[in-house]
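Letters A, B, C, D, E, F and G name the chains as they come in the text, with residue numbers starting at 1 for each one.
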Amino acid sequence: MIHNVPYLAAVALAIIGLYAVLFKRNLIKIAIGISILESGVNLFLITLGYRENAVAPIYTNLPEGTSIPEGMTLPVPQALTLTSIVIGVAVLALMLSFAVKIYQHYGTLDSREIRRLRE
Amino acid sequence: MNKIAILMVFIIFSCALISTILTLRPFGEPKSTEMDDYIIKNAQNETGSNNAVTSVVFDYRGFDTLGEATVLFTAVAGVLLVLRRNAHE
Amino acid sequence: MPFQEIINIVLPLMIVASAVIVVALKDLLAAAIALAVMSLLLSLEFYMLHAPDVAIAEAGVGACLTTAILIFAIKATRRMEDGR
Amino acid sequence: MSEPSKIVKTIASIIFPFTMVFGIYVILHGHLTPGGGFQGGAIVASGIVLLLVAFGSAEIAKRVKESHLSILESIGALSFISLALLGLSTTFFYNFLAGSNFIFGRIPPFGSNPGDMNTGGVLPLMNISVGLKVIAGLSAIVLVLSLFARSRKQRKR
Amino acid sequence: MMGSLFLGASVFLVICIVLAMIRVIKGPTVPDRVVGLDTINTLVVVAMILCGAASRESIYIDVAIVYALLSFITTILIARYLEGGEI
Amino acid sequence: MKAFAVTAIVAFVAYLILTAGSGHLALWSIDEIIIGVILSIIVGILSRGIFVKKSYRMLNPKRWLFGLAYIGPFFIAMAKANLDVAYRVITGKIRPGIVKISPNLKTDLGITMLANSITLTPGTLSVDVDEKSNDLYVHWINVKDEAMKKMPRDYRYVCKNFPDWIRRIAE
Amino acid sequence: MIVEILIYLFIAIGLTFNLLAVIGLLRFPDVYTRLHAGTKCTTFGSIFLCLAVMIHALRIWYLNGEPSSSIMPIHTLIALIAILITNPTGAHAIARAAHRSGVKPVKAVVDDLEEDRECHSKKSST
């Protein structure tokens, strides 16, 4: 169980992010919560691809004595995480720009207040 | 009423996530599929690139990168659309 | 390698701690700083898990761009989470 | 009150070219060392944030116009898709340059090797095109947000 | 031999990071937190270099260079916001 | 044009240092050098007015020799600084204050080097700089009474003879 | 043999100063004194740790003799130079921002900057 701490941390990050999304009322805090959730997913994917006593799947100046399929971490989860990170920053920028625009219109960032003002 | 529903959703999701973790393989010993071994062994010959991750990103799974580029483009267009008119006023 | 295991136990706990701080802080600027710390430690964790590609991406995006975007947004709106 | 201090300005002007060199290095060596189009693009965009912080947006407006950014983004997207289309005789995203002894067309020996720039087939070209796209997109986001924040502040006064 | 030495040193640095995080958590004002962030930046760069040397991978050190260059930008960005200038 | 050339050459050298060890042509391979030339032209165009402003004073190699010689006293002062901070961390004896010194340096590079050296040497930390007269405001962790007597404070108490060194290097 | 002793010595010095920096960060009373500890000691400690790595890598280069083993010492040197340039500047920026946002030094004997700013504001107001 103690060795599975990275998995637990990934799940804990996801739960914290979910908490922020569901219970916080500030729009910027909600965006931050989504960002944390996404970090949890990234950590989970990378942790799935980790092999003990292995190095990254890059052949440039590989240390001597590395066995080729077993001595390397899995490349596919890393590639997926790579695309996920750039998508994350783009989506965060989009969410924040919406939040800024909403603040300009309604003068508040509170989600419930905005819902009340809209009616 | 609304608050109770949100709390229920939160608790159900958390329980699902935690119960998933308990059934996973131990840390550091992944189940290596045939695909991963194939990519690690043959990436250098087939794509000529030393970095297996780059060859996965742009060659074996190029469609993912295409989708990612589309999402990036859409997000940038959205940000410009939302904010730019205001900057000119 | 016991050292590797120690690192892999301590770092995730710190990441979770900083995430808790991010959610708990009322000052959004301080939350942005804590988010920067979280992404810093996350990048170190990726590095320790032998994924340098992802570590560079997380470093470039999390260290500079995310904080920059958040601070611009905070500047355009207001700094405290609740209150006028 | 609003100017950054002289020391920060001087150090920023020293750091900026090296950030650019390092970002382009990361983009170009994506098939040899950790890095690639996304990472290098993020680093170059961070260099633009550095300019924005140290010298203000007037300095950037002298150098980069919005039309430049949109042209860069279009060039990146178009070259990416056309590079993918060129391999269509076999499949989409087929690496047609690898092993052809043309530009970037060498195949490295199997196993550990010191790394040769002239390998990788279409991967370096794709890295460059995605890098252009990411540079243009992220810099546009940052510039527009900062302009918006500034205009909000002026209206408040 | 040398590898485990460098890894042990980086474990020590990670413990230093834990102590520096206490300042980020406690810090009464925002500048205190930024000081903590700055210290953690330097410690993380050094820890990355040590781990790269421990795993005998020379290409890993690029990540440390990226961090050393970019963390500076975050610091002066927050400093600019704090002193109230236009960013 | 000269600014462009200087920037491009600096970028080229930086690229060469980054890619050292790639081939057998005295550490570099021919591909890297070709790509380095293209890259240095791009970087030169991008940052032509930023890296080099107006003065070309630093092109003189004598200044670089002085800069190398400056490392010695600087490193000794830095070691002293750390022992000093260690002493204050353990005992907790501090007597802080912000003092103003006028080192009479004219160029931006000189004042930047002085401020960074002051930050790394014993007990001092540069807080602010006057934009016009280049006066430095220094946070001093252990204010000495001798330094407080005259109003234009004597900079020798704060930073020894570093301004003289820097005058030789950067002015 | 002597090289190994040198590496051990440098790592010990570096770790000691990094630990001192963090303790100082926790013990000192206000922002400026914390910056003293957090900047000087971490820079000094990282110089020694990087030197240890560089000596180790240079020895490998000397024993091995291939040009590709020169990558590690050179890149470590670049990272060290980046730390050396950016760290004091960041400290300066934080100190200036803290002073402008109104954080006063605790138990200060003298504060010339505050006096000068008050003089300046009086002059401009009258």
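In this section, a residue touches a chain if its C-beta (ideal position, glycine included) is under 8 Å from a C-beta of that chain, and two chains touch if they have at least 3 such contacts.
The structure displayed is predicted, hence computed values, not measured ones.
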Going from chain D to chain E via touching chains takes a minimum number of steps equal to 1
Between the pairs E-G and A-D, the one where more C-beta pairs touch: E-G
Among all chains, whose Cα centre is located farthest from the one for chain C? F
Intercentroid distance (Cα basis), chain F paired with chain A, Å: 39
So how far apart, in whole Å, are chain C and chain F when each is placed at the average of its C-alpha atoms? 31
Any idea how many Å lie between the Cα centroids of chain A and chain E? 20
Expected list for chain A, residues touching two or more other chains, is 3, 5-6, 8, 19, 47, 49-50, 55-56, 58-63, 68, 78, 82-83, 85-86, 89-90, 93, 96-97, 100, 104
Touching two or more other chains, which residues of chain B qualify? 27, 44, 50-51, 53-54, 57, 65, 72, 75-76, 79, 83, 86
Two-or-more-chain contact residues of chain C, please, as numbers and ranges. 1, 8, 32, 50, 52-53, 55-57, 60-61, 63-65, 68-69, 72-76
Which residues of chain G touch chain D in their complex? 66-68, 85-86, 89, 92-93, 96, 100
Touching residues (chain side chain G, partner chain E) in the complex: 7-8, 11, 14-15, 18-19, 21-23, 25-26, 31, 34-35, 38-39, 42-43, 45-46, 49-50, 53, 56-57, 68-69, 71-72, 75-76, 78-79, 82-83, 86-87, 89-91, 93-94, 96-98, 100-101, 103
Once bound in the complex, which stretches of chain B touch chain D? 44-51, 53-55, 57-59, 62-63, 65-66, 69, 72-73, 75-76, 79-80, 83-84, 86-87
Touching chain G in the complex, chain E uses residues 2, 5-6, 9, 12-13, 16, 19-20, 22-23, 29-32, 34-36, 38-39, 42-43, 45-46, 49-50, 52-53, 58-59, 61-62, 64-65, 68-69, 71-72, 75-76, 78-80, 82-84
If we count contacts the way the header does, which residues on chain A are in touch with chain D in the complex? 56, 58-64, 66, 68, 82-83, 85-86, 89-90, 93, 96-97, 100, 104
